[in-house]
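The following pair of complexes shares a single chain, chain A, combined with chain B in the former and chain C in the latter.
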Partner chain A sequence: MFNQFSFHARAFALGALLGSASLPAVAADSQADELAKIKQELNQSIQMIKALAARVQELEAKQAQAPSASAPAAAAPSIVQGPRPPQPDTARLDAVEQKVTEIETMNATRHTDDTGLPMHGFADMGIGNHNPFHPNEEGTYLNNIDFYLTPQIGGRFLSLFEMNFEVDHAGNFGVDIERGQLGYQFSDAATLWIGRFHTPYGFVNTAMHHGVWINDSLRRPGFLMFEDQGGILPAHTVGAWVTGALRGDGGKVLYDVFYGNGQQIISGYIDMRSGGNDHGKPIYGGRLGYQWTAGAAEGLTVGVHAFESRIDDDQTPEGLTEIKVYGGYAVYDTDTWEHMVEVYFFNNLDVFPSNGVHKSKAYYAQFGYRAPWIVPYVRYERATLDQTDNYFSAQVTGGSYYRSAAGFRYDFNTKAAFKFELANTHYTDRTVGQINEILGDISIRF
Partner chain B sequence: MHSWSTASLATPRNLVCCAALSLIAGICSAQAGTRLDLLPQSWRDDQGRELKLGDLRGHRVILTMAYASCHYICPMTMDGLQRMQQALDVRGERANIIVVGYDPQNDKPWDWHQYRLSHRLDRDNWHFLSGSAQATEVLARQLGFGFWKYDEHVMHESRAIIFGADGALQTVLGSRTAHWPDVL
Partner chain C sequence: MRSRTLALFLGITIATCTSGAAADDLYVICSAGVVLQPSEIRNVFIGEKAFAGSAKLVPADNSAAQAAFLEKVLKLDAVKYAGLWTKKSFRDGANPPPVKSSDAEAIAFVKSTAGGCSYVTSIPAGVTPIAKF
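Presenting the complex of A and B:
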């Protein structure tokens, strides 16, 4: 009788154990609390089976010591067998535990491509006497919620989508596919992207993207802001882009070549013409850099960039400017320092109305120190823009200025940061004056 | 970008609670029962030599993940590992310290070699490993190293896992673990 009970008990317990063991496989990707609960149940099952096994051994030992008492049970026509030594139970328990481990390992190593698309991204909001991205607004601001999606296609095919829910310069809320790229990776040295991407010039435009959290400073230099935030450069291009790195001893050669739709200035802001432009002219250009990965210059990257485009506007009569932009950048990025310098020269030809060639320039230098608890930085930026150049005069934020800024970044944890910046901006031609800004921003990643 | 504050949590009771919670959560997400020899085995160290994790049994193993161009979280992780190394030295214990690259496309053995030179992590018991993208993902999933890539950036946490000399998972350390050497 006892043996019959113990057999069923063991069978039940083994079933419970295996059943419990399979539960984590179902819940492996769910919340940690759920997993902890399952683990607790698993541990309880193991404890129970151990207790039962001990009880069985005890009873079997008693049975072995009193054979006459167990005779009726032994005579019964059942599956009951004679007394067993304790060793097989231990062996079976070991086997079960091994099986549980294998199930857990199989669960952990299974691919999750068919379980949905991970959603990550960034968000930030803040307060200031001016909105850092739209200076005409004041007070508390919501900047953006930026979703970053990278659907797994397989093989050498790549995809990347960045959807941004953001507040524009008029205070209106909108949604934008900031980046939508499909790619093919030929090798580590060459990847082809098509779609809408961040135009590869300088450093910031392809290093910081839309997630404010990623940047140590509260904002980009003004002239390098995204188009709808007042930037004067075509930060986005819709077309094709080949990028890669060629490795050598002590460093990497970085290169980019791109070709896409010529942009258009609409209502005073540059638009990247995601559906094509109305004059068929392209933007094209490239960037070439070298990054030291060893030696005394480790962390230093220097490069040059150039691009050309024909950009029209929505004025009457329609203006058309052939812009030629070239320049360079240098970045020193280490565990301790983050310094960056970029310079842009403009050599623009007003095609219509024909107004000759105009030269302008813009640059900034930012120096940061990665202290253990805080990252302070200072930045100086200046844009000297020819106001007789149709390309700048057609832009709402195409005026010349210079700005001095100092700020810091403080990380609450690995996913949330507070940034503070004091800035003084002088406007020097279209409007003459200055503003002082006190800005605070909380940014997160998720 | 750099450290975060735990000053507001620094009461002994809170520290104990945080350590306990992070340990529990860490072990749960690291899949109890995971052993070194059940992890992906094919890796190359910063000299280009093949290394199998299962071969490291016999000493404790402290394993973390990192990427070479990280200037935010990884330096703190390395600092924590170095402090653990000092504690191990004091007690005369040898352990293998494993750093597995999150980003094998960008971080090749050569890059890790330069990394350990520039960071002066030249002890022979430290191993900087590169593997295939698939092996990296599987290992990260098995050990609970959640990460995602934002272009050239890798979003991740500070985390390390200690395996016993028998290769069994022993302890999980995270960003809320106050002082990593105390866990040894």
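Presenting the complex of A and C:
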């Protein structure tokens, strides 16, 4: 019995040694107290082990006596004398275990978005004394329901399709394939997209798409709206686009190069010629930026952009403008702040009719604070556009303006947001006047 | 025999409790051939790093350990993590990592998927962890 207890004590000590290998070092002053405490606990544990061992021996002794005591009562049922339980069929157990492993593996490698048609999207609607996207209208409006799909087609291939069901400036309901891109990832530094994409200039045109929920503000700056909502730039291009990032310690260089169909102004709005153009002229350009990903400047991105195109219109005689646009942007995007500034300079040549070179500019600055429950923002935007430049005069919304706006975003939950904006817009050339806007919008994602 | 096992178990249990050993360690595992530095793992799971050399990475979350992983490795909460992938998906056409429901599923995924990476709560058999958090 003593040898058994010695073994138990040795086993306990071994366990204590194994488990305590990571015991932190204790200060010299408290070491003695700590050791005394541990010794007391060990003694208590040893006493408990002694008691448990004695109880186990007692139960084993009783169990050993039980078969001889019940032997005369052969007719009564007895646990000891009963038939042996059937031995487990090891072959069946092995088969079941293998099946479970197969099921686990199948489930582990099943990609949930391969089943059916995974679809996500955005939608928004609102009310205001003006439609935020078509100022000539007022009241309640349905803006859009915007679906996007990113089918996984395997390997290094990427795909993205954005189908937008929207109400246009005339109140008509229409459908657009806003983006239809197929891509190939060469590496982290280079992805090639072909199809229809958002032209890579500035910041908001590639960061904020047709889903209003994505924006913290209620709407884009006016001159950067989409073509059918009053924007003066070719927000979409159909062609090819190479983009990527070169990552280093603390930051990364961002780049974009694109080439596509030159646009055309049809019925006063820029058309991105998704089926090709009839003059064979391209749009091409690029963007270069640097984003800090660590340090004091983490969240700051600065960059420059430029593009050229030959854009004609549907007038008689047909006008043709060689546009050259260049500028820069700066964005500070963190958990607390969302600030962005973009500037665009136009140096356009009227090819036909030959009216010479025209210079114009447009810019905005927006500052936002991401408070825990609300995101307030303020914005100033201005477009000073030479109206003798055929490129602007041919567009319905090509007039000059400036706007001051303030608003906020409130998230009901992770999928629904309410946005409110007060804005004062001054038109300064085609029509001279101002409007005050009170706008509310509810946007969701799903 | 039972009493000896009981003594050893009690000893290990008591010593483990008093030693303060971490019970919520995370082990990041990847399929054979994937070489990653611990400092790169965050970028893999937020979609900023899609390749390790020429290998296309396929990360997968493990719901059994996701809360700890978000806190320890990504330094994000669940809402921000979901929002990050919504934006990345909408902007770049990227898909968020699939979610496995257990360590066993995560291990099976890594073993059967070229470039697969995930995380588990205990050192897995048959897979060498590439980082511990």
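Descriptive notes on the structure:
Following the convention adopted for this analysis, the second predicted complex is superposed on the first by the 334 of 446 C-alpha atoms of A that agree within 3 Å, B and C clash if a C-alpha of one lies under 4 Å from a C-alpha of the other, contacts with A are read in each partner's own complex, and residues count from 1 in each chain.
The rule is short, and it goes like this: a residue touches a chain if its C-beta (ideal position, glycine included) is under 8 Å from a C-beta of that chain, and two chains touch if they have at least 3 such contacts.
Everything numeric in this text was worked out from a predicted model, so none of it was measured.
Of the two partner chains placed around the shared chain by superposition, neither chain B nor chain C is touched by A:A405.
In the superposed model, A:I265 makes contact with neither chain B nor chain C. In the superposed model, A:L158 makes contact with chain C only, not with chain B. Using the contact criterion defined above for the overlaid structures, shared-chain residue A:L439 touches neither chain B nor chain C, since it reaches no partner.
Touch criterion met: A:W373 reaches chain B, while chain C stays clear of it.
With both structures placed on the common chain, the touch criterion links A:A417 to chain B but leaves chain C unconnected. Contact comparison for chain A: of chain B and chain C, C touches the greater number of residues. Within the superposed three-chain model, A:G211 lies in touch with chain B and with chain C [touch as defined at top]. In the superposition on chain A, A:H120 contacts both chain B and chain C.
In the superposed pair of complexes, A:Y148 makes contact with chain B and with chain C alike. In the three-chain superposition model, chain A touches both chain B and chain C at residues 101, 104-105, 107-109, 112, 120, 148, 150, 188, 206-207, 209, 211, 214, 247, 335, 414, 445.
Of all residues in chain B, those touching chain A in their complex are 1-5, 24-25, 28-29, 31-35, 38, 69, 71, 73, 75, 105, 108, 110-111, 114, 117-118, 138, 141-142, 148-153, 155, 157-158, 175. Chain contact summary for the complex, chain C toward chain A: residues 2-4, 6-16, 18-21, 43, 48-51, 56, 79-80, 82-83, 86-87, 89-95, 98-101, 104-109, 111-113.
Residue ranges on chain A touching chain B, taken from their complex, read 28, 32, 35-36, 39, 100-101, 104-105, 107-109, 112, 118, 120, 148, 150, 188, 206-207, 209, 211, 214, 216, 247, 250, 293-294, 298, 333-335, 338, 370-375, 409-414, 417, 445. Against chain C, the residues of chain A that register as touching in their complex are 4, 7-9, 11-24, 38, 41, 45, 48-49, 52-53, 56-57, 101, 104-105, 107-109, 111-113, 120, 148, 150, 152, 155-156, 158-160, 181, 183, 185, 187-188, 206-207, 209, 211, 214, 247, 335, 414, 445.
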